[in-house]
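The two complexes that follow have subunit A in common; it is paired with subunit B in the first and with subunit C in the second.
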Partner chain A sequence: MQYSSEAASNGGIKYTLSGQLSAQHHPIFRVLLKELEAATFSHCTLNLAQLEFIDSGGLGMLLLANDMCKKRGSILVLQGATGNVLKILTLSQFQKIMTMID
Partner chain B sequence: MMIRYNETQSGLSVLEQANIPAVLVQEIFVVQSQMFAGLQQHLRLFKEEIESYLTTITVPLAQQEKTVQEQQQILQKVIRNAEVLELGNAENLSLSEYGDFVESILNNAILLTIAYSKQAISMVYRLSDVVERLGTLGQLVVNISTVNRKTKMLALNATLEAAHAGQEGRAFHHVAAEVRDLSESISKLSHNMQTEIHHVTQGVLETHKMLVQCAAMDMQPMAEASEKLEHLITALLTQQERFAAVKQEIQALPAPQGDLPTVFPLVKKIQKFQSIVEKIQQQQGGVLEKLNNSTSIEEMQAFFATQENEMRAFFSMDASEITTVP
Partner chain C sequence: MYLSPQEAGMWEARLPTEKIIREPIAALLVEEMQQFIRFSEEMRFKIEFCLQEGLQNAVVHGNLEVTMPLLSLEDFEHAQNIIEHRLTIPLFNQRQVQVVCRLFSESLELNIKDEGKGFSIAEKQKETLFGRGFMLMTELSDGFSYCQKTTTLQILFKKLS
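The block that comes next holds the complex of A and B.
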């Protein structure tokens, strides 16, 4: 997994994830989480449009990110998921837990 | 001479118009009487044949009707049973409810998997911290070893200095020896600590690796299972609709009745025809008797006129029903 970050509108922060988000990639995701923990933002968007694969560990890491945002009084938005990633997010009922947009 | 039946004129009128002698007319009546007797005999045989036929077909038809009723009941029972699935704990589910039930099981399994994965990743992060701390601890032990080596060197130097001092340095020599022994003990302790830290670190790293593997469950088979389940639910709903359609068809069938003629129209027609034959027999019996007992042509003429009207009315009434028999 690779990621990049940028400032978003209305005081938000946006991360773009690409490649595979699996349990094996926990170290790099933890770096992202630590960045998120240190940052100031109103809302966090994870752009998943370039994400090709996700497993249960990846879903667990997204939930950890969501927990972190909630603790900060913020929200996590998942954006642009497609294909199997979107199918698995929907199957896992993430749309009931966090905001998902195209 | 041939006597033809005429719808507008009776046979006697024709005979009268032809000026046929009374003796000849009486002979004709005798012939007719014989013909009527023959006809009556044929009608009687025909009636017996119909009665025999009715008896022959009535029993199998009644049995068949009973069988059809039983088959309908069995079919309805089969459909009722096929529509419901018993789970064994006194809980019954319809086909559509069964689909939802299986879907909820799969959804729960997915949610549990994700929850465990989340916990596993959290533990992985905690263990990463522990490994990091163990690394720091190991470095501290290395620092202790470094300090201890210096202490050991100091003790060695002190021993040498004490030897140079001779008798005056004897006490110092003793202290230096104690420090050297202490340093040896510290060296052994730090070595043991390093070994233990290494073992603990290895154990934590193995656990860390196992947790990562536990969290790395491929969700694709679950997605495929979910798709198959959707097909299954659709199939179950279709099946339920089929059963409902069959039930409606069965319910739309005419209710079986005990009166056999209403069940089988042909039997009704045959019975009607049988009553006609009986009536013809009665009529012909009366005609025969009258022919045998009549004393004058006028009397026969009056009788035939009456009979002819009655028969004509009778046949015109029943003929249409007879001809409608399939």
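The block that comes next holds the complex of A and C.
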């Protein structure tokens, strides 16, 4: 997994993830979580449009990010998931847990 | 090559625990499978996903015997530290995972055997943050079972095309 971050509108922060988000990528996602923990933002968007694969370990990492945002009174938005990533998120009913947009 | 041919329609791989923890072995195994088994792109994803989940369970819950619930970032960090520590201990580090693929006329059976003490699927599913793997395997395969006694997960795909 690779990621980049940028400021978003209305005081938000946006991360773009690419490649695979699976158990093997926990170390790099932990770096992202640490960055998120230290950042100031009103809401956080994870752009998943370039993400090609996700497993239950990756889903767990998204839930940790969601919990972190909630604790700060913010929200996490998942954006642009397609194909097999969208399929796994939908089967896992993530649309009921966090905001998902196209 | 990880997979080596055994009898007709059967291939086997023996994988070190640390390799599975660090590397995308499931994707590599599926690439190798495609050299001798024809399946659709949709099936490729299903096989890779289930193999990835099976291998991760085999090393984390099986070979490394990490059984704690993962309900927070603190739990997760703690579990990662346990994993890294156990990877330095020969008792855990020397354990392997055996993957056996059996191809029948229209179906594929994967057997993933670890060298741990066995774990309870019901207990793993209670771990809410990271416990969706078995539910997803149920959705994406045509059946799977885990035998605690033989520490073997069996996954079945009935149609490959």
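Observations on the model:
Note that the second predicted complex is superposed on the first by the 102 of 102 C-alpha atoms of A that agree within 3 Å, B and C clash if a C-alpha of one lies under 4 Å from a C-alpha of the other, contacts with A are read in each partner's own complex, and residues count from 1 in each chain.
Just so we're on the same page, contacts are C-beta pairs under 8 Å (C-beta built on N, C-alpha and C of every residue); 3 or more make two chains touch, one makes a residue touch a chain.
Here the structure is a predicted model, which means the values were calculated and not measured.
If you put the two complexes together on subunit A, you find that subunit B and subunit C bump into each other. Once chain A of one complex is fitted onto chain A of the other, the partner contacts of A:M68 are limited to subunit C, with no touch recorded for subunit B. In the superposition on chain A, A:Q20 makes contact with subunit C only, while subunit B stays out of contact range.
In the superposition on chain A, contact of A:G60 is made with both subunit B and subunit C.
Contact with both subunit B and subunit C is seen for A:I88 once the two complexes are overlaid on the shared chain. Residues 22-24, 26, 30, 55-57, 59-60, 63-64, 84, 88, 91-92 of subunit A contact both subunit B in one complex and subunit C in the other. If you check the complex, the residues on subunit A that touch subunit C are 20, 22-24, 26, 30, 33, 53, 55-57, 59-60, 63-64, 67-68, 84, 88, 91-92. Interface residues of subunit A, counted against subunit B in their complex, comprise 22-24, 26-27, 30, 54-57, 59-61, 63-64, 84, 87-88, 91-93.
Residues 21-24, 27, 45, 48-49, 52-53, 56, 60, 70, 72-73, 76-77, 80, 129-133, 135-136, 139-140 of subunit C are the ones touching subunit A in the complex.
Per the touch definition, subunit B reaches subunit A in the complex via residues 107, 110-111, 113-114, 116-122, 124-125, 128, 212-213, 215-220, 222-223, 226.
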